[in-house]
Amino acid sequence: MKQLRTAIVLVAIGGLLTTAAFLMAFFTAEVQQFGTVTLEQEVDTVFPVAPDQFQPPAGEGIAYVRPWFSQKIFYFHVPVAEASFLVLIISAVFAIRFLTSKRAEFDTKSRIAMETALVFVVLTMITGVLWTRASWGVWWEWEPRLTTYFIMMLMMIAYFVLRNSIEEEERRATYAAVFAVVAAINAPISFMITRVIPSNHPVVFQPGMASSNLLPFIIGQIGMLMIGYGIYTARMTEERLRERVEIAKEALEG
Amino acid sequence: MSSWRQFKAILKKDIVMELRTKEMLTSMGLYALLVLVVYYITLSQAGADFEVRRIAAGLLWLVFIFTSLLGLNRSLVHEKDQGCLEALLISPTDRPVIFFGKAVGNLIFLLIVEALIVPLFFFIFLARPGAQAGGPVWMLALALILGSIGIAGVGTLLATMSVNTKGKDFILAVLFIPIMFPLLLAVVAGSAAVLQADPEYVRTFWQMMGLAAGYDVIMLLAAFGLYEFVLGA
Amino acid sequence: MTDAALTSNALEVRDLSRTFGARKALDGVDFDLPTGAFLSIFGPNGAGKSTLLKVLSTLTPPSKGSAKVLGLDVVEGAVELRERIGFISHNPLLYPDLSAEENLEFFAEIYCIDRPKERIRELLDAVELDHRRLDLVRTFSRGMLQRLSIARALLHDPALIYLDEPYSGLDPHAMDILDGLIERVREGRTFVMVSHDLSKGLELCSHALILSKGRIVLFQDKDLIDEDEFHQTYRSTVGLGVS
Amino acid sequence: MMEATNAELYRLVLTDAPYVIGAYAILWIAFVVYLSMVLARMMRLEKEVDLLESAVSKRSGE
């Protein structure tokens, strides 16, 4: 089981990298700022005093910069989200290869990639929801990215609903591949169009971002991609086993 | 041009059949009217000072998205029922001709239903004394046409798949609505801009129409390219 | 056409396979059929009969091997080939909400036939439906539907006609009419029929083919067929397919 | 006195902490659960394959 070993190694390294990113996010990454907190009097604290333009009128207390802890979700949320996007595209590429070659293996690959993408999209949704709750105090906000991922999740669920409703194997594979391609074209359009409508989702990834922030992000991203590939490999191994079972059963039954 | 002749034949056949049975138009039209009744129930609780105009665009598109599901399904079931699609596939008809024949037919029926429902919707919900006037009608018509093109094009592709599945209507809705999401967002925003006619609405409108047109072009190309595979399966 | 005349084979199937994953719908099918022959294909359910018909009628490409129909490759010559084949199925392939004439007019346009009016009149006469030409197909009986469906298949005067279980669901009278019609149009045409009905299939055919699990079990000239032996072979393959 | 207000500052700032930790926890738990499900299924399949394939080879050996 060479593949299974590959999968385990990938997931293990991915796990280490994402854990490293997690720790770095708290210990080495620069804490980003999110507004100010005003206290009645000056206190002895590590929190820096806010710039002058945020200070209340004299005699009404002093404003401190508020560290933005919920931003730490970013080191996980964004890698997961980007990985989900990438895996969806990979699934669509396999779908196109299936359509042009009609070989069943590409259908399986496309399906497993779609399943991995669905796992990632669901996780993006969950972390996104927790982020909105932490930052804005609400559980759900119809804002562009959350909405896009919601739509992506619906499309991926629709993909599996479509598969389940067709008996004939080749037709199922073809329709699923066509839908995967349509979904992969549609996802970026949704993403773009939800952004055109004004919204308040933060753009955390700014060009001037400190390298101390960039490093854990990149490490987290690489780790997440490895986990994604590990999940994909593990599922493919499972599917191959399943095929062997089917072939053996058929051979036994005549 | 033989393709042109085949295209006309497919379109003419759909129209003759529809004029004879009036199946699609009555079912779609009636369904739309029923939705209007449900809207009345919904809005009756909103209070007298509620501005229906603010949500009118969304309500309008809601009717069309669901009635179009009904029509798309019907239009492909006709082809599927007696195996006629197979007869077309075995004939020397290019696959894109079949796609455009069906899609244009669906577009025509959808536009007819829209032409009936929009004035009705306007008189029931929007024509109140003292209500502010919206933008010009042709702008709304443009939004309706751009939206309907996308619905008919992508819908024809998805409906051709869903007629071959168990539980066709449900599958079509599940596939269709998420795929339609960007287009709906654009045309609802565009129609809302026209209906509310806030200052600067013309700019928003054109921006949204640009997005809708872009979606139509991309998705029609995709549907056009993928239709052959769907027919081949 | 010249190719077909040259080789005088209507079908040339070479090592044809149609697979999907581990499933083999067709597995190394290989045979020739002379022009003007009537081939009956038998086999249990799932033997690959309809897949073979689909490949030969250009609806699905082969996974391996090749098939030439009327001298044209089913993949490369698909468009040209479609103009020369007709299809009669147990489904009428007609629109119920159009009249007989309108149905034929529609298909005449699809096949881009010159002077469609005369051709349609002629065919409706031939299948004895002239008096019902303005009636909706919805109101037709099963036998009338089948007759009209033959008229539809003959519109473009195809050189080769596929018959997919044409007798299923027909009453004896309609079967007789269908027999007569097939007999009348048989001249100069090649036929390929898929059937469950052994006696009917044997009666009409000039060549018989039995498929089982995507492979050819038997392919014979009718004159060489010993009927008892044939039934024996068929029964054993069907029996094999069931267990 | 000073200590109290500093603590207050931390309290104000750390209200989002549970959500951050929660997000990480859910992610990890999800991965672990999903992968162990896959592994469990795979182990079962492995047994089935062994059983079936030995049966096949036995039959073909006969």
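What to note about this one:
The chains carry the letters A, B, C and D, assigned in the order they are written, with residues numbered from 1 in each.
Note that a contact is a pair of C-beta atoms (placed from the backbone, for glycine too) under 8 Å apart; a residue touches a chain by one contact, two chains touch by 3 or more.
Note that the coordinates shown come from a computational prediction; the quantities given were computed from them, not determined experimentally.
Counting C-beta pairs in contact across A-C and across A-B gives the higher total for A-B. One inter-chain figure worth recording: subunit C and subunit D are separated by 57 Å, centre to centre, where each centre is the mean of the chain's CA atoms.
As a whole-number value, the distance joining the C-alpha centres of subunit B and subunit D reads 44 Å.
Note on chain placement: the centre of subunit A and the centre of subunit C lie 53 Å apart, centres being C-alpha means. The distance from the centre of subunit A to the centre of subunit B, each centre being the mean of the chain's C-alpha atoms, comes to 33 Å. Counting partner chains per residue, subunit B has residues 232 touching two or more of them.
Chains touching one another form the pairs A-B, A-C, A-D, B-C. Per the touch definition, subunit B reaches subunit C in the complex via residues 2, 5-6, 8-10, 12-13, 16-17, 20-21, 78, 81-84, 86-94, 232. Within the complex formed with subunit C, the residues of subunit A that make contact are 102, 104-105, 169-170, 173, 243, 246-247, 250, 254. Those residues of subunit A lying in contact with subunit B across their complex are 99, 151, 154-155, 157-158, 161-162, 165-167, 170-171, 174-175, 177-179, 181-183, 185-186, 189-190, 192-194, 196-197. Those residues of subunit D lying in contact with subunit A across their complex are 2, 5-6, 8-9, 12-17, 19-20, 22-24, 26-27, 30-31, 34-35, 38-39, 41-42, 45-46, 48-49, 52-53, 55-56, 59. On the side of subunit C, the complex with subunit A involves touching residues 20-23, 61, 63, 240, 243.
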